[in-house]
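Please find the structures below.
Both complexes shown next keep chain A, but they swap its partner, so chain B is in the first and chain C is in the second.
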Partner chain A sequence: MIIYIAAVLLMLIGLYGVAAKHNLIKVAIGLMIMQYSVDLFLIALAAHRLSGREWFSQLAAVLGLSTTVVLVAVIKRNYDRSGAIDITRLTKLKG
Partner chain B sequence: MSAILLTYIAVPLAAAVIMIPLNRLNRKIADSLSPLVALYLLVQTVVLYLFRPYNFVIHYMPGDGVFPLGINLVLDGLSHLLLLAVSLVALAVTVYAGKYMEKYSGKEKYYTLYLLMLAGMFGVILAGDLFSLFIFMEVAAISTYALVAFGTGAAELEAALRYLIIGSVASLLILFGVSLTYGLTGTFNLAEIARTFPAGAVYAREFIAALFLIGFGMKAALMPFHGWLPDAHTSAPAPVSATLSGVLIKVLGVYVMIRLFYNVLGLTHQLSFALTFLGVFSILAGGLLVLTQTDFKRLLAYSTITQIGYIVVGVSLGTPLGIMGGLFHLFNHAIFKPLLFLNAGSVEASAGTRQLDELGGLAKKMPVTALTNLVGSLSIAGLPPFNGFWSKLFIIIACVQAGRFWTAGAAVLGAVMTIAYIFRLQSLAFGGPLPERFNNVKEAAWPMAGATVFLALLCLLAGLGFPLVIHYAINPAVVAVANGVGYGRMF
Partner chain C sequence: MIGLYFTLVLISVAAIIAVESRNLLISIIAFGLAGIGFSLSYILLGSWDLAVIQLGIELFLLFYLIRSTRVVSEPETNAGRQLTAYLGTIVFIVTFLGFAYLVFRTLPAVNFSAAGGGLPSLYELVGVAAALFAAVIGALTILRPEGKQ
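On to the complex of A and B.
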């Protein structure tokens, strides 16, 4: 049981990072923490009967990694262009 | 025979893989490869309509079920409708992009990403299990993040960042919901989940539904979750905006929501109410935000939010007429919104600006674009005999029939706002006197104009022949949705 609570806590920590931090690198780290929490949750299901779980958790981790790669690439590109790593300085668009 | 479903994923994937080497060998063939892929898939979709009797489900299971995860591909009425919409839009957009994307460097990379996105969308539509659904959703989403940033200007990168962060959070919430479902039922197979979801786990079901509602609501850009959409649609190249608005948010958001809420988890009263609320909120708040926009593409992007609201309101009523209206509007919106976005791209390419207060009088110089844009405007405004009229009418009648008079009132108000903003757009861009500086403006090149004429004709045909469209394409989808959790016993 404790591992499920840990997974949910970890997810909330990651969500806090994404929602409250202004530094883009910290936002990316928050997203990664969220990703790990879901991976942990999937692995924790291993205590049960489930087959095929390891396939799914591996593929989900790979997809999370590729999202992170694209995210970091865009952050780097954006930094090169505008010199901004602070999300509050991105004001070209109105949302 | 049922293995033919694999071609929807394999053909665009294969084309994406060979695109860059092929471009080195022969640029002409590489340019025509993606329109050919789209044309092939469109023809195959239409032919499959002849082979698939009214309510027949084509079901493909690799390795006859020995695969441990219950991975399978399913083609029923609902997925067939989406296949038709995606392949129609893909054909028009790829033909258009051949000319439009010439101003960007690395066109072959654009094609590769676009084909990957197509493969992802077809995979989501056909997936019969949460495992492949999630993976194809991520394939489509990751290629879209890159496509939004394709211009690599400051605005594009900022829009892509916002889309990436919101999209990733949405994906993770969905992944959490998928894991919970898997933990409860021990399977990824949608049909098996529909059959075996423990009836006692009421709270778990509601929690999963809430996770999916937020996750897919973000992907569909329903109103409180819409933050990424206006930026992404405005900043992406026109063919990408057309695909994003026309089909991507519907496939990744609306379609998956319909599939999971109706066919897998079962639509509860609360869920139906929540969906109606989000839909009405999107119609009204989105409609108010559109009225103040001064950028051609940004106006269309906000209008997408209101039209998605209509689709969700129609489907969430749960009555057959409401579902029909919602799905018909989904199909219609997949035709007229790409048309309007492609016209925005043509105007930008020819006149050099998208700002409505700088444009004007272009009807004299760009008659084809002005005319197709008028057709698109009449369709989205819901004036007869164009297709948008019928779907909005069905949705409003369905609201009244279901006794939801406030919802019907909101839908009528939204329709009036649509007329207001779309004719403001039409008159500001194409009406009035021609300014001096636009004297040298030329009509868009023929592949671009041809693609918009194709979509405009479809608007007119779907409006005039709406009983046929409803009979052959919409009604089978309505049957599949209204079947509810009976989905689990279909095959």
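On to the complex of A and C.
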């Protein structure tokens, strides 16, 4: 049960990083922490040999890497163009 | 068992440092520490193959994030916006905890060292390769120099 609680705690830490931080790098780190917590949760469930969860967590880990690589590329390109890494200063797409 | 709990505490502390530190380099290194802690916890849970994948991913992400980060200090933010962000975060956390409480009552107990999976099938490998290929193409497309107008 402690593993489940740790997974929820890490999900909350990541959620805090995504929702409360204005730095785009911090947002990316928060997203990755949330994804890792989901992996930990799936591995804890896979201990019961329930079908699919083990390989799904492998695929989820690689998909998390892929999304983070693209996200960091977007952040870097955005910084090159606007010079800002703070999401409150990125107002060109504001409706 | 004690090692696993110690690793979980280490991951939690590293994650908090990664989110809260005002120096981005310290944040990235703490995030790398958390990722290696995840890899260690997968080993302790008996899932060796995912531990190897996690370790490779974490090392790659660590170098990639350090290489990509140019601004080291965190920018100053407006106090009003920060208060709004904190209030929104509290709403998200309360909502998430409500759903987590509903799910927790149905969870089975963890059976340690029984989580190991077999070799991945061809379809899984193809899926992983396709995801990595798409990520590399996407990153190269975004980071390319200005093309023809």
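To be clear about the criterion, the second predicted complex is superposed on the first by the 92 of 95 C-alpha atoms of A that agree within 3 Å, B and C clash if a C-alpha of one lies under 4 Å from a C-alpha of the other, contacts with A are read in each partner's own complex, and residues count from 1 in each chain.
Everything below uses one rule, namely that a residue touches a chain if its C-beta (ideal position, glycine included) is under 8 Å from a C-beta of that chain, and two chains touch if they have at least 3 such contacts.
Since this is a predicted model, take the numbers as computed values, not measurements.
When both complexes are overlaid on chain A, the residue A:66 reaches chain B and chain C alike.
Once the two complexes are overlaid on the shared chain, A:3 sits against chain C while remaining clear of chain B. When the two structures are aligned on the shared chain, A:23 is found in touch with chain C, with no touch to chain B.
Residue contacts after overlaying the shared chain place A:75 against chain B and chain C alike. Of the two partners chain B and chain C, more chain A residues are in touch with C.
Using the contact criterion defined above for the overlaid structures, shared-chain residue A:31 touches chain B, although it does not reach chain C. Comparing which residues of chain A touch chain B with which touch chain C, the overlap comprises 11, 15, 45, 48-49, 55, 59, 63-64, 66-67, 70, 74-75, 77.
On chain B, the positions that touch chain A within their shared complex are 68-69, 131, 134-135, 138, 141-142, 145-146, 149, 152-155, 157-162, 164-165, 168-169, 171-172, 175-176, 179, 182-183, 186, 188, 227, 230-231, 234-235.
Across the complex, chain C is touched by residues 1-4, 6, 8-17, 19-23, 25-26, 28-30, 32-33, 36, 39-40, 43-49, 54-55, 57-59, 61-70, 72-77, 79, 84-86, 88-89 of chain A.
For chain A in complex with chain B, the residues that touch the partner chain are 11, 15, 18, 24, 27, 31, 34-35, 38, 41-42, 45, 48-53, 55-56, 59-60, 63-64, 66-67, 70-71, 74-75, 77-78, 81-82, 90, 92-95. Residues of chain C that touch chain A in their complex: 4-5, 8, 11-12, 15-16, 18-19, 24, 27-28, 31, 34-35, 38, 41-42, 45-47, 49-50, 53-54, 57, 60-61, 64-65, 68-71, 74-75, 77-78, 81-82, 85-86, 88-89, 92-93, 96-97, 100, 104, 107-112, 114-117, 120-121, 124, 127-128, 131-132, 134-136, 138-139, 142-143.
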